[in-house]
Amino acid sequence: MTDWLGPEEWRAVALSLRVSFWATLFSLPMGILVAYALARWSFPGKQLVNGLVHLPLILPPVVTGYLLLLGFGTRGPIGGVLADWGIVLAFRWTGAALAAAIMAFPLMVRAIRLSIEAVDPRLEQAAATLGAAPFWVFVTVTLPMALPGIVAGTILAFAKAMGEFGATITFVSNIPGETRTIPSAIYAFLQVPGGEGSAMALVIVSVVVAMGALVLSEILARRVAARVGGA
Amino acid sequence: MTDWLGPEEWRAVALSLRVSFWATLFSLPMGILVAYALARWSFPGKQLVNGLVHLPLILPPVVTGYLLLLGFGTRGPIGGVLADWGIVLAFRWTGAALAAAIMAFPLMVRAIRLSIEAVDPRLEQAAATLGAAPFWVFVTVTLPMALPGIVAGTILAFAKAMGEFGATITFVSNIPGETRTIPSAIYAFLQVPGGEGSAMALVIVSVVVAMGALVLSEILARRVAARVGGA
Amino acid sequence: LGAWSPVIAAADQVVVFAAASLTTALTQIETGFEAATGHDLVVSLGGSSALAQQIRQGAPADLFISASTDWMDALAADGLIAPGGRFDLLGNRLVLIAHGRDAARVAIGPGLDLAAHLGEGRLAMALVDAVPAGIYGKAALTHLGVWPALAPRVAQTDNVRAALALVALGEAPYGIVYATDANAQDNVTIIATFPPDSHPPITYPVAVLAGRGGAGVDAFVAYLRSDAARTILERQGFVALQP
Amino acid sequence: MLEVAITHDFGSFTLDAQFCAPPGVTVLFGRSGSGKTSLVHAVAGLLGPDQGRIAVEDWVLLDTRHSIALKPHRRRLGYIFQEGRLFPHLSVGQNLRYGAWFAPKDAPREDMGRIVDLLGLGALLDRRPGALSGGEKQRVAIGRALLSAPRLILADEPLAALDDARKAEILPYLERLRDEVKIPILYVSHSAAEVARLATTVIAIEAGRVIAQGPAAEVLGDPAVLPLGAREAGALITARVVGHHDDGLTELDATGIPLFLPKLVQAPGTVLRVRIAAHDVILSRNRPEGLSALNILPGVVRDLRTGAGPGAIVSVDTPAGRVLARITRRSAGALGLVPGVAVHAIVKSVSVAPGDVGAGSGLLA
Amino acid sequence: MLEVAITHDFGSFTLDAQFCAPPGVTVLFGRSGSGKTSLVHAVAGLLGPDQGRIAVEDWVLLDTRHSIALKPHRRRLGYIFQEGRLFPHLSVGQNLRYGAWFAPKDAPREDMGRIVDLLGLGALLDRRPGALSGGEKQRVAIGRALLSAPRLILADEPLAALDDARKAEILPYLERLRDEVKIPILYVSHSAAEVARLATTVIAIEAGRVIAQGPAAEVLGDPAVLPLGAREAGALITARVVGHHDDGLTELDATGIPLFLPKLVQAPGTVLRVRIAAHDVILSRNRPEGLSALNILPGVVRDLRTGAGPGAIVSVDTPAGRVLARITRRSAGALGLVPGVAVHAIVKSVSVAPGDVGAGSGLLA
């Protein structure tokens, strides 16, 4: 089946996996933090943070990509600062990961937030009376109890990252081996006569990968729920 | 401020609101049903349903739009049947609503599912012993207890519908007044040199609308949670 | 070359940002160029507007091949193009297509009553104010005097391939696309070709970007002008403009 | 008549129990973890046992052999859960009315106002369960079950969270429910006082099995059958109300023997059960004089059991029925108690409440 | 010494309570909804009262005037909640060890194995709380709090869900905790038996206010102070273990009067408190002979209170201390009981357990 997808396409698949993996991994701690803050704290500007997090969902992806380009491009205010530190995002796979992470972030945060909100605060109180400081209450009670939602949110974010196109191609372009993810490759194929077959092959690959992740997450979540359940 | 946005753009805003509103409203019952089934039932093919629901998230939007075109176009198997009943989706705002609904569906289902899973089954048992048949248990206990998640999922879906572009333009193209939503208009502006200003005006409108919905949902959810809370 | 290049081999790496409609042609040109010169060609394909914006934001491109002159002009105005580095690579023809393998041809002229042909159906075009194929199509229909009648019946897509797909699927009975797209598509028939004078000339300009250059870039520019490239482009249905 | 016969394997724990619950209150009695809640769950349909049959008269709720298993909502139960399980999104009033929404139109109903008064919930109707104290929650749970027009009441330690005063207020209501409405009540309790006061039938459970069952008087009156240690021993005897005296005492007649109790509400002629706990009885060879205790039953020692401890249980046959006394072996020896010896059982009158020692309401001696 | 003085307005309910809890067990006693749990929450830091001060010795937990309010996790409490609150995602063993993870290294610790044995949790360590019975859950909750090396134990009706046998097993442990470890225990209970057995100090709460507080002997022994109805009345007297007899009885000396109890574990010489419930006392003008009751205390009537009911409470001064007797007005009249009259208080020996009537463990008479 080596000729089923060409080497270029396999590179796109590998790149998409890498981009989605790192995008998900890096946004997870931030996602948990933001979800927790939105679920349990009240602070000035909370609605603003909430709005910012959801922005990528509301905006057309092209706009998000455009804004990323303006902000994180080599000439952008943030991109310039990062470049001085040796971190280059523009037109790199790291930028693709950033775009994917930002696009997937609202989904991740929503899922985690809902499951944190569902944790019974009375259990957190019980942990506090047993001497657990807020951080440890979070680590030993809130986090494990919210695990099904965290798993769900993570996989959702991964799936979204695998499918992200508009923001990615606008921000980091479509450079083979560097930023040409599966969706970008599909786009390129669809732009030329006769490319539909190759596009479909890539669609199938990405569906298989994402479905695999999804089924895995269901199994994980069920196992976790069985452990936690029947309180 | 009438000249801040042209009449064309105001039409796009009105259309986007209409499309998102109906997309959300129509997918809500279905979303609740699917979320409940995934949360509480086990049936053969459950993983398949779960996968199908998430498909629009995984696929590049263009592919989803193309598949919609194949299935729901006037010549498509489903579109043909619907056309016989007088329901035309192709090139209509109704089609735009369908595309938006399908793209937003995974987000809605995930949020609702998580909050249904968080409802204590022992309360549902208690309702059953008091004579409530499963449907009534659902309506009087599960649904109200899951309300914060349902509100969250609905608003998430609405926000997503407001931002949907790729699938919509591929499925129903861009017909002013009929299918030219805010994102289509923004995209068009961004394609021509010097169009960024007009694009940004529309971005601001859509951000304001979606943020309004978001803040509203937070307030609603908080009120609901306060009613349910402290069990 | 910029700091971007992760591997700097003995041979140069040439980065080309090109309109997505050139995908197949550039894939073949890449193979030929790399075999012939030993340089490494990297092609990033996308919408001309997105690519131009990226170049404005400092994208590490050596060359830009645009599907319209507008964006090239805009870059030129910004001073992002190397002086003397711009030329028109190729041209294209705009055609009217119909659904089906053997639709009847029509004559394009002042008497064309496309609206009657359409009936309840739609005319598929790329975005008429934004995407080059749509802009050219609108110009042609305006030139023919039928635009006001047709405007409400146009289904605009975000790119010309999507317009082609609508016709191929029969969702729209007619469409206006490039000849290059229509040639390769089953299930559509070119029923007329718009006269070149009915719309601004369709050209794909190429430019070396400001501050770029070197042996690799020079070699690629030379290759683009070669017969080998010309053959490839013409096989795709383009009109090669450079001798 | 509720008939239950089920087996279920929990892995680490096996339930294997058969019992019949005639009309009235059937108390499931047993230590923590013995399987009481699991049995009640099976009756409610919340636990689907591996095998078994559950029926109320000829209305079959479960029969695994014939693949019958009514869904919980068709069983028309009023289940008072061990942990309340109030609906947090509904007000107290809505919680109380919940069951009535689903009850058949023609089902006999309790009056909402009456139950609210009885349970002291009047001031709480608009509150949410989240803002209630533990005992308040449990009272709402009781009210909710009673108001659902059930054909069978299941109560899992419904009074454990209540103070004695509140218990004393609610118990008579449960008694009336038992006596007036002909619905079986399956009642889980740890409290001997509650058991004595309410039980028509007692089912003793140990490690998932029924180790004793029968009429309350029998199970609680026979120390050999009683599984839970002599502490719970006591006898139930039947008496008729003779009349009410001016000093607040009610006189009963227990087959010729007068008994005095704090004023009862029952009309003269009413027949009652009274419980005499074994640890409340003092024995005397001579008829004692000049004591503050008003109730003295003459009788004959029937038998005497001693265990490993310092105690002994003496059964005394009196005209009113058998009475048990828990005394020390030392006293038994000192008084020369052997079967056939005539003795007087001195009963502290307060102990002779309407079946109830622990939760009686008046002052007496 | 725990000092609490807080006010808090719940809207429909106002808490306004001041009390001191000296070392030992301080029982909060009051009816459902009186504010007991709210008070305990305030001590734990789970409720931030509008105003007030809470301190253990000179360690201030809360002082609204100086804006001090320690976070719950800094208060080093072992809180046994009314509703268990076990961690559902941890096994029973992990639940038990939870508090120890956070306790200071040098804090004095209970031995895990001992507590596990005591609470009968050995077989449950690998289970999850979801698969436990109600009583099992509560036992785990008790163990979890005890194992967290607390400086103050808060217990909100910890034994309500347990059967008498299990209660009887755990109570002595709580007693030992009270006597051996010098940590204050704040204990909410409805059960007079538990109160009598454990309480050093009793705080009676009614509608959010403290209506009586003081040493247990005083509050429980004075029917005028006792808020909760005469049923709970009883006297506490102090006695010293004299020796253990062969027939399983332990002899005590209460200021010259011998008392016999079922075998106790305490060594001769130990000083104990024993409770004599008013309703377990029979009065006699003459010294009674030939009775199975072993414990008879001579004394003099101090006073006699009658209420609206048929009962009377007689205080009798005996050499061992004041004893209360609950008798009928009729008997009081018949025996001619007025202050100054000499009487004998006949106490059913089983009633004289180590402070505990309701949960005593042996047979006696």
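By letter and in written order, the chains are A, B, C, D and E; residue numbering begins at 1 in each of them.
What we mean here is this: a residue touches a chain if its C-beta (ideal position, glycine included) is under 8 Å from a C-beta of that chain, and two chains touch if they have at least 3 such contacts.
Treat the numbers as computed from the prediction; the structure is a model and nothing was measured.
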Distance-maximising chain from chain D - centres being C-alpha averages: C
Of all other chains, the one whose Cα centre sits farthest from chain E: C
Averaged-CA centre spacing for the pair chain C and chain A, given as whole angstrom: 34
Centroid distance [mean C-alpha coordinates] between chain B and chain A, Å: 20
Rounded Å distance between chain D and chain E, as computed from the means of their C-alpha atoms: 26
Centroid distance [mean C-alpha coordinates] between chain E and chain C, Å: 90
Of all residues in chain D, the ones touching two or more other chains: 83, 131
Shared interface positions of chain B, touching two or more other chains: 62, 166, 187, 190, 231
Touching two or more other chains - residues of chain C: 53
In contact (per the touch rule at the top): chain pairs: A-B, A-C, A-E, B-C, B-D, D-E
Partner chain E, residues of chain D touching it in the complex: 10, 12, 30-33, 36-38, 82-83, 123, 127, 131-136, 139, 156-157, 160-166, 190-192, 228-232, 245, 247-249, 260, 262-263, 279-286, 288-294, 307, 309-313, 325-332, 335, 346, 348-351, 358, 360-365
Touching residues on chain A, where the partner in the complex is chain C: 62, 65-66, 69-70, 73-76, 88, 90-92, 169-170, 173-180, 187-195
Complex contacts: residues of chain A adjacent to chain B: 47, 50-51, 54-55, 57-63, 66, 106-107, 110-111, 114-115, 117-118, 120, 148-149, 152, 156, 159-160, 162-163, 165-166, 182-183, 186-187, 190, 199, 203, 206-207, 210-211, 214-215, 218, 225, 231
Residue ranges of chain B in contact with chain D within the complex: 122-123, 125-134, 136-137, 140-141, 144-145, 147, 227-231
Residue ranges of chain D in contact with chain B within the complex: 44-46, 71-73, 75-79, 81, 83, 85-89, 98-99, 101-103, 128-131, 144-145, 148, 154
